[in-house]
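Note that the chains take the letters A, B, C, D and E in the order they are written out, and that residue 1 is the start of every chain.
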């Protein structure tokens, strides 16, 4: 990652950006986010296969944004998130520079988000084989079996909201789950409250989630909540065609086609 | 408590017609198109639209007249009335039901004797052989109606042209056929 | 090629020339018609006039036998039998209770998988595509195509041709080289089931048909139903006495007319069996 | 603490016959926050409304629930009553005990229980209602009238005469509609063209009316007072400013055998044509489908003969946009072609014709100059048969409803025939004679008694041709269904009146409702016959249901008054049922995070971006903002917003949530 | 115990289905009284969370109904709604929520008879399914209410 460290130093030294977001070595063989504000800090930057946290979650954080123009060391999922965030007016060329890390671990610096978008669109979002298998397995179950599966999986959730914090798309200043007038989601962490919270989350992420698995990776109980968003992703593909975040802003769920097909409306 | 829509039962023969054939006599608005197209309406005592009207009244006297009418027997089930009825009323299906009921209640019109006899002879022929045995049918029919002389000239001509079988065609599973007759007749009498 | 065949009672007796001509035409096109084994009468008008369940059970037995024999498509030249078989299929498909009762009475399994072809459907599907090439003696006459009742009605169930002014026979005859006339009695009833019991009615009804055909210059009437044929042919005396004139235009089965156009032997087509001499 | 009044209406016996109204009122009286509860026979009557008003004043009510009929019926009535008593009208809600309860369920405990539930839902909702103020929007005082038949002509003239501008568009080359095709009109037998053409000319000359013929509505946006309509002006292939209507082109056009639409196919026209001599405007159009030039690329005879060089072969359709404040739809009807009755032989026998064709035969301007001659051989028919209900009242092959005008025009046709063909015999086969109307029954009696028309009660089974005669097989149902066979020379079918082809698409462009037969739906069958469910759009004439001339004209004048009423104000008040984005104290300003996904969801482009700046003018935040003039209150954005930052007044999150809670608890 | 009477909540739009249900009344077509209608301006306004809330609070079945495609009073609210329903219904199915208990339909202002038919069909099918005990159980719905008949 010599290239990355070198470029980071230049960017900070020339004040092109005020802060660069990347990964550093954490405790116990884990990686964590590093915010490079001084050129020297850039030496701590690392990049390897353990770097799966979606750093795009930080670009909407007030504390980071306040520092001034940001740069981000972005893997493919992070770049996808950034395009989605840009389409939702949360980042733009004025406040964000993307240092892309290709799937082949090569560094590309993009002049602007349009270039990022072009790069991102070369790769279709694909659900990995293991999860695909899991989806298949669940779909083959009866409705009652699936109910039981989710009741079992969701009952230990204690609403720590680590999933929400890890998700770049969960940048809302006020989440529906925090509402009490009216109380959309029951406060106690029983199965029902948990189910409704995760259904709500999956719906809010439909057409926006780019399948980075950050939520699942963040969950202390490893509840497979990413299956919900994966299911939505797969369905969106089936019903409305291949899905890609896009700067054009034609969002999947805020648009429609007059000939959208369904088979259940009488 | 909550109730699904329930249609009030129509009394009388019209109600029976509805129950057995799904034909609603109330749908008839007496336009007369059935009678106008019926090839046999002029031979009927009550043309089809009049039969419909009689059933609509729910008057037992008129209903009895319907079952005793000649009309229901002279109807050929040519389906013309149904084909042209603006209300899609299946009159032929209703006629089948009225005939069956008329026979069961022994109300068949005396003028229809030959027609009824012919049908009975026809069915008997099938009942015993499984297929129609035309000579048998003729002989049986003639015996039932005593109309020996009528059509007498026809048989030899048919014979000459090879159109009549001297020996009946017998199917193998005649007991099966008999069983069909037995079972459907039993239900019929209920 | 082999198809199922249900001749019905008339084709074994008074209308055997219909059967002969159907088989002759089929043979000319290398189609083998395999008769349903041990078939019974469909019950005809008599059954449904007298007893509904019987009127469904008898045809259902025929269809069950066809299924058992492994037939998927059966040709039913008699329009009356065709009507009964098709109506039965329709009734049993929409009423499971009735189906159960009928299966019970017959003691035979019935799934309703056999498709029933009337003579025109059969000809259209298997003969017409190659008919024009095979015509050697065009049936070059003005003909009145007579459909009667049971081939086209009730349309809701049969879904065959159109119920007023149908065209399928006309089209076939056109291909056989004939000139079908436009006339007014294509689907008017001939008197059918009353042939024996009320011959006078038949004289009047069939009389109007023959009269109109003749008035409009037809030299032959083309039919597809043995009942129509027997009324229009065998009852010609009654017809003529109703009309008060002697009309001698012959009545041919569609298969006889096509057979003639194909150059088949007149005897093989059973033309000698008619009451009104076939002069065309 | 709320003080809510509950007012349970018996609606005569419409509600009380199946619902125990006293029990409903009593139960509601015990709910938290309900200060007053009463049942009364007619809540919408004067004393009923006074009951509400005095309760508001005396008990100091903060909210009102009227449990009576559908809010679609009387919500304005009761809201107005509340306003008169000093309560904000939007603090009043209605529980639908009639259409949704008493009329659809049997009498019994369950029905009363449901009524109680319906009241409770609204009581709980009203606790979350807020006082709202109506929204004011400007009015564009120009009306768009669609369709230039008698209804459209009348509506245009009436509106124009109140001093307001009218844009009249007509899809055909001339205005006049079906009325211009008619010979005489019942029950007075005055000549249709004689009374119509002066009106047509008036339209063309009126300073307040802009007429576009050969033009159709392309699309419509906006709302009452502020519509934007796109109009497609189909190419006429002539320069209307240069054309003098001299007629050289139509005389010389070599394509002369096109069946004339105006003459219902009984006459012929040329490819460049004026539909009829009295057409307004009296200038030709080129029918490009039949014109030799457009088919083969050469001819141009019209261009050569035109003295003013007005022919424009390369003219294209024009789309123009107009702003209008109200719309009158007067697109009329069409007649169902009777070829779905093969038993009557229409299309096969030339002398079986439709009623509209007979009008052309009887019309002095028609192909026979008013003489009744049959199409096949031009002979005067000695025997003529008229069939009523050829398609009407025929669910099997036609339409189930009664076309209403046929009984009268058949009597007129038979009468005209008897007047024109002395010694002729006419027969009318009918099922019922429906002659309700001023002088209508007398008219039919005159046909029977004075003119000797033979009325036979029965439907005809079939018609066939024999030896040059049409054999008509019918029965006389008044004589035991005795067969009646008539050898006629001509048969006239009274074909059904049906909605225009394309009526459905037009309704969808206009966002108005239509009935199962595709006739446009009025807002209320009795009390709002010319209004549609979309404010500012009105109906006139036979586009709403089959109508005769006097009815069409009356409707048109009614619609015109509605438009004039609307235009009498400079501003309109609109219900404040619109979406709003929440605002909070700094530093949050709003829970909106500015993702603007709502912008693409909004059908009205009503959502804008609002910049929030600090005192120094620096941008702090971008949030969504709803333009109240454009928002129509569908709430699509509301259900879509993740942060629940947009809410819709009258159907807020709290209100809807409360309704669900109230409904299912204490069930 | 009396026959199970399901509680059914109908979420309908004001312009088509609410008006259609009015027409059912005006036409005096009778239907099962188990249904309670909640009026929304448009199907586009119907929040999917409200459907879950209805199940929370003890609904056994839900009807969601609005204008036919192309007929929306607001041009496209129903198109948006349809897309959401497609996804929401699929997600419900995936989480094991009984989607047979949510009936979606288009009922126009002219379809009074269709409204009655939809309600009756829903009541019949929900009656066969029985009370939605699975959901009520996790919703900690009071036991006595579950057996209410």
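Everything below uses one rule, namely that contacts are C-beta pairs under 8 Å (C-beta built on N, C-alpha and C of every residue); 3 or more make two chains touch, one makes a residue touch a chain.
Everything numeric in this text was worked out from a predicted model, so none of it was measured.
Q: Could you give the fewest steps needed to travel from chain A to chain C through chains in contact?
A: 2
Q: By mean C-alpha coordinates, which chain is most distant from chain B?
A: Looking at centroid distances, A is the chain farthest away.
Q: Which chain has its C-alpha centroid at the greatest distance from the C-alpha centroid of chain C?
A: A
Q: Per the definition at the top, count C-beta pairs in contact and tell me whether A-E or A-D has more.
A: Between A-E and A-D, the larger count of C-beta pairs in contact belongs to A-E.
Q: Using Cα averages as centroids, what's the distance between chain B and chain E in whole Å?
A: Here chain B and chain E have centroids separated by 49 Å.
Q: If you average the Cα atoms of chain B and of chain D to get two centres, how far apart are those centres in Å?
A: The mean C-alpha positions of chain B and chain D differ by 50 Å.
Q: Taking the mean of the C-alpha atoms as each chain's centre, how many Å separate chain A from chain B?
A: 76
Q: For chain C, jot down the residues that touch at least 2 other chains.
A: 164
Q: For chain D, which residues are shared contacts with two or more other chains?
A: Residues 105-106, 110, 343, 462, 601, 640, 653, 657 of chain D touch two or more partner chains.
Q: Which parts of chain E, given as residue numbers and ranges, touch two or more other chains?
A: 5, 29-31, 33, 48, 53, 70, 76, 80, 84, 116
Q: Would you mind writing out the residues of chain C in touch with chain B in their complex?
A: Listed in rising order, the residues of chain C that touch chain B are 9-10, 12-16, 38-41, 43-55, 57-58, 61, 101, 104-107, 149-150, 153-155, 163-164, 187-189, 191-194, 196-199, 201, 205, 234, 272-275.
Q: If we count contacts the way the header does, which residues on chain D are in touch with chain C in the complex?
A: Answer in residue numbers: 342-343, 348, 462, 464-467, 471.
Q: Could you list, by residue number, the parts of chain E that touch chain D in their complex?
A: 5, 7, 9, 14-16, 18-19, 21-26, 28-31, 33, 36-42, 44-48, 50, 53-54, 57-59, 70-77, 80-81, 84, 108-111, 116, 145, 148
Q: For chain A, which residues are in contact with chain E within the complex?
A: 138-139, 143-151, 176, 184, 186, 190-192, 195-196, 199-200, 202-203, 206, 228, 231-232, 235-236, 239-240, 253-258, 260, 262, 264-266
Q: Using the touch definition up top, name the residues of chain E that touch chain A in the complex.
A: Its residues touching chain A are 48-49, 52-53, 56, 69-70, 76, 79-80, 82-99, 103-106, 118, 134-135, 138-140.
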